[in-house]
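In what follows, chain A forms one complex with chain B and a second complex with chain C.
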Partner chain A sequence: MLALVSPALLVILLLIVLPVGWLAWQSIYHDGFTLEHYRRILSEDIYWRSFALTFEISLFVTVLALVLGYPVAYAANAVPKAWSVVILALVLLPFWTSVLVRAYAWLALLQRTGVINQFLRYIDVIGEPLALVHNTFGTVVATVHILLPFMVLPLYATMQKIPNDLMQAGASLGASPAFTFFRVFLPLSLPGVLAGSTMVFVLCLGFYITPELLGGGRTVMVSMLVSRNVELYNQFGAASAVAVVLLLSVLLIFFVVSRFISLDRVLGQK
Partner chain B sequence: MTTKLGFRFGHALLGASFGAFGLAGTAAVAAEQITFVSQGGAYQQAQTVAILDPSAKKLGITINQDSIPDAWPAIKTQVGSGKPIWDVVDTPTGYCLRGGEQGLIEKLDFSKIPNAAAMPEAYRNPYSVSYEFYSSVLAFSQKTFPKDAPNSWADFWDVKKFPGRRALRNHPIATLEAALMADGVAPDKLYPLDVDRAFKKLEEIKPNITVWWTSGAQSAQLLNDGEVDMEMAWNGRVSAVAKEGAKVAFTYNQGILQSTSLCILKGAPNLDTAVKFLNEAVDPVHQANLPLNIDYGPGNPKAFDTGVIKPERAAQLPSEPANAAKQALMSYAWWSSPAGEAAEKRWATFMQK
Partner chain C sequence: MKSLSPARIALIVACALVLVYLILPVLIIVPISFSSARFLTFPPPSLSLRWYQQYFSNSAWMQATQVTLIVAAFTVVIATPLGVAAAYAISQSKLRIMRMIHMALLLPLVVPIIITAVGIFFIYARVGLVATLPGLVLANVMLGLPYVVISVLAGLQSFDPAQEMVARSLGMNRFRSFFAVTLPQIKSSVVAGAIFAFISAMDETVIALFISGGRYQPLTKRMFTALRDEIDPTIAAISTLMTAASFMLVLVASARQKKAA
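Let's turn to the complex of A and B:
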């Protein structure tokens, strides 16, 4: 068994553990032990603002993805197999386009001269174009689009394992479809909700290109501070300290989630 | 053992990610060679035609090319490892200076670089020599402003006289200079920058800025799609958009003249050849050929005396003497001074307020 996994372990060690460890080391060591970079993060309020904004956006994106993704997963689970393949294919299709291309596609849709504003003006709903992009709104919309599959797939996998008999049993006892859904189906799908939400939330914390292109410069997420600090402080430590704090928050989230649900379900789809 | 393995592995990684031109086999080649790094794309292609291929031929050397959008982190990593693989880098002048001060860049011996020694003092520093010029200019839509277009940063700041949506670069460099010129400071009296005054002036325009752009491509898209009516942008980006047929134009008046420079990594594997190449690369004739291939001005002003650049073409270039006279010449020395670094740090706070 160990022989089988050792190549993978080696790759992880060399490509993830060592570089990340090295970066973490640099954040506390530069010509001697220093907590300078962490002191800066705690004392300058731009960091606090950025972390707060990043968590706020991630939370918002997660809720939206759940609201949009749950019905899709439910439909994919409820319809005949042939149709569920179509639905899942549609969910996965945008996956094959790069994040950068999708960001520009959203620009074409959302900007002042974009499709949506043009249409709304054409049908005379609005006089002046709406500010749909170059702000937090545009960032959230595009991020939800990119992360939606990470919500739908775990939900779908969990729903697949809910036996249909339970719903029929509920119905045979006289419960309405809505009642069986809320009392039986929804509680059983909660592990999927938690798994999908964790994935989306954690991935969103590290988003870079989308807020950079669609945020108009005002939506400064943590990843952008990382890149800014490389430029500003001439030391990787200044940037990696920010990354370490973000990494620790992610680990904390996983830890909290693991108290409620086995991590296998979040990461591996058992 | 571990360090050695890690080391080799690091090199293999660098080779795999940057070395599009096969660095592995070069040790066997007898002729002199260097590895030259620029920013890729149409810009590096133009250099290849105008400067790199002719220089290689004239010197009888092989120039291996590499490209990276932002060379600074790679310079730090390579020199930090003790065994850089690059020799000469074309990067914004500020990085050459900052790198020189941090011991990452070789100090130049100008007696071995006569072409650079003949250039004006303002066009070189102990660590690097100007390679090409571009300008941060005021660009505008001719649809919004068919006549009486904004022509100065004071106009850009005047939202009553020139209504419309505006964009600036999400970066203090050149933006602080523009703010001070809008506040009445003369282009040749900018440095040392009055940082407080500049940020105060920026606060004034901030509510009227629709987008703070981060990449040149983004600035071009904003102008091209009519997302903004005026913005600060790099001259080459604006002229490219105009060439595509968009009704946009720009003025060199109060532009901020910026440069990229050539510098040599500390401990470069082919130092002597690198110095020879550096001299050849700023040769007035090669330099004069650059603007025939792309909208950037030669780093060596002597290029304008070669007769290679026709007067009509010269008039379009940022570093042409008459155009240069209307602009502010960026002081990279100020920006890499402690005051400049402090101003850069202040930017993020300004943006998030």
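Let's turn to the complex of A and C:
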């Protein structure tokens, strides 16, 4: 059995374990051991601010995705089968569209001469085009859009397992629909909330394409810090150290979450 | 549905708005791609196929498309058997180490792609795989493996291993019994996994940004570079085609998975 699994394992070892290990090594070793790169992350403003901004944006995106995703998952779970198929199809359609295509679509929608600005000027709501993109706003709008399915799908899967009898029991005992929702349904859906939020938050931490294309160079997320250090400045050690801190953050989050729910639940999507 | 309470109406409206938000950007690229205007104007002044013509007549775009298709095809051909073998071994073995190997095979989903990309770039730079076709294929095999493993494991869960035991007790060896008995029954999930690996390779951008170059640049890398410079409606045409291809493949895959379930 080990022989059967070894080719796949070899690919994983050579193409992800080794490269990440190499990064870790490079972050502390350059003609001798050094913690210089980590010291810089802690002391230099640009690194610090980028990490803070990335966590801030990720938190904001996660909350938005939860607020937008919960009603959709709830509706998909509550409506008759035929309708829930439609809702899920509409969630999955963008899910399987290339991230790059969706970033392009948001550029087309949000830019100064984009669809939304043209429409708003056409109906005379605004005189000057709004700055909707090449800033944090555009990044968040597109990132929430791209990550929303990762919230809706685990939420829906969890809600599917909540027995309907419980709500009926609540109603038969005289509880209002709102009361049964908040006291019975919502608590039972929390594992889905945690699974979805974890995935969205973690994916957002490492997001690259969207902030690069829609952030206009001002919203420097950690991923961009890594790529700039490699592509522009040839600062491999610095890039590696930033990558290691990012990876440790992600692994720590997964570890903490795994104390509460099974990781299969978080990763089971897509 | 019961009577429409205010809460219910609010829920329906909220859900509808979110669905519009989800679907609008995906749909908006279609009219842009068929517009005759050089710059974005909405609604398009008149319809034309000029951006599609531009795409199909541009040798750089065509070469990039070829690279993407070759890489995706090789990815499927390599990742599918590796993933099936691994999933089979994981489902059959009771060794404790298998559980860890299973987790290891899901690593590509856990590690942020930018980190994987930079790491692979450093390794490739040492062994001369930067800007090569095999380099691109290998990276995409790694990314595609989890999709095959997850899909096939799900398929194996609903398969009764006793059937294979029967085949073996009747004299087939393990190898033959797998191909004669097990594989036909999990075929749908294998195909679904292969399709997901194909789509993953087709859409992959970040690793390609770092390790591809020269003649071997996939479509996504060229699109990314073009997007940084200007908004060319040719990209809308390419996006429309890519999206249509993804949907078609997902439809096939989900029809397959339904059959399996």
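Assorted remarks:
In this section, the second predicted complex is superposed on the first by the 248 of 270 C-alpha atoms of A that agree within 3 Å, B and C clash if a C-alpha of one lies under 4 Å from a C-alpha of the other, contacts with A are read in each partner's own complex, and residues count from 1 in each chain.
One rule holds in what follows: contacts are C-beta pairs under 8 Å (C-beta built on N, C-alpha and C of every residue); 3 or more make two chains touch, one makes a residue touch a chain.
On a predicted model such as this, the values are computed, not experimentally measured, just so you know.
Annotation for the three-chain superposition on chain A: chain B and chain C clash.
Contacts of A:Thr62 after superposition: neither chain B nor chain C is touched. Looking at the superposition, the partner that touches the larger set of chain A residues, chain B or chain C, turns out to be C.
In the superposed pair of complexes, A:Leu18 makes contact with chain B and with chain C alike.
Judged by the touch definition given at the top, the superposed model places A:Thr139 against neither chain B nor chain C.
In the superposed pair of complexes, A:Ser197 makes contact with neither chain B nor chain C.
Legend: residue contacts after superposition of the two complexes on their common chain; A:Ser27 is shown touching neither chain B nor chain C. When the shared chain is aligned, no partner comes close enough to touch A:Thr180: not chain B, not chain C. In the superposition on chain A, A:Thr113 makes contact with both chain B and chain C. In the superposition on chain A, contact is made by A:Leu213 with both chain B and chain C.
When the two complexes are overlaid on their common chain A, residue A:Val230 makes contact with chain B and with chain C alike. Within chain A, the residues touching chain B in one complex and chain C in the other are 14, 18, 104, 107, 111, 113, 213, 230, 236.
Of all residues in chain A, only 14, 18, 44-46, 49-50, 104, 107, 111-113, 131, 134, 212-213, 216-218, 220, 225, 228, 230-232, 234, 236 touch chain B in the complex they form. Interface residues of chain B facing chain A in the complex, by the touch rule stated above, are 6, 9, 72-73, 76, 98, 102, 165, 170, 210-214, 218, 221, 225-227, 341, 344-345, 348-349, 351-352.
Residue ranges on chain A touching chain C, taken from their complex, read 1-2, 4-5, 7-9, 11-20, 22-23, 26, 68-69, 71-72, 74-75, 79, 87, 90-94, 96-109, 111, 113-115, 118-119, 142, 145, 148-149, 177-178, 202-203, 205-206, 208-209, 213, 223, 226-227, 230, 236, 239-240, 243, 246-247, 250-251, 254, 267-268, 270. Chain contact summary for the complex, chain C toward chain A: residues 1, 5, 7, 11-12, 14-15, 18-19, 21-26, 28-29, 32, 39-42, 82-83, 85-86, 88-90, 92-93, 95, 97-98, 101, 104-116, 118-123, 138-139, 141-142, 145, 147, 149-150, 196, 199, 202-203, 205-206, 209-210, 220, 223-224, 227-228, 231, 235-236, 239, 242-243, 246-247, 250.
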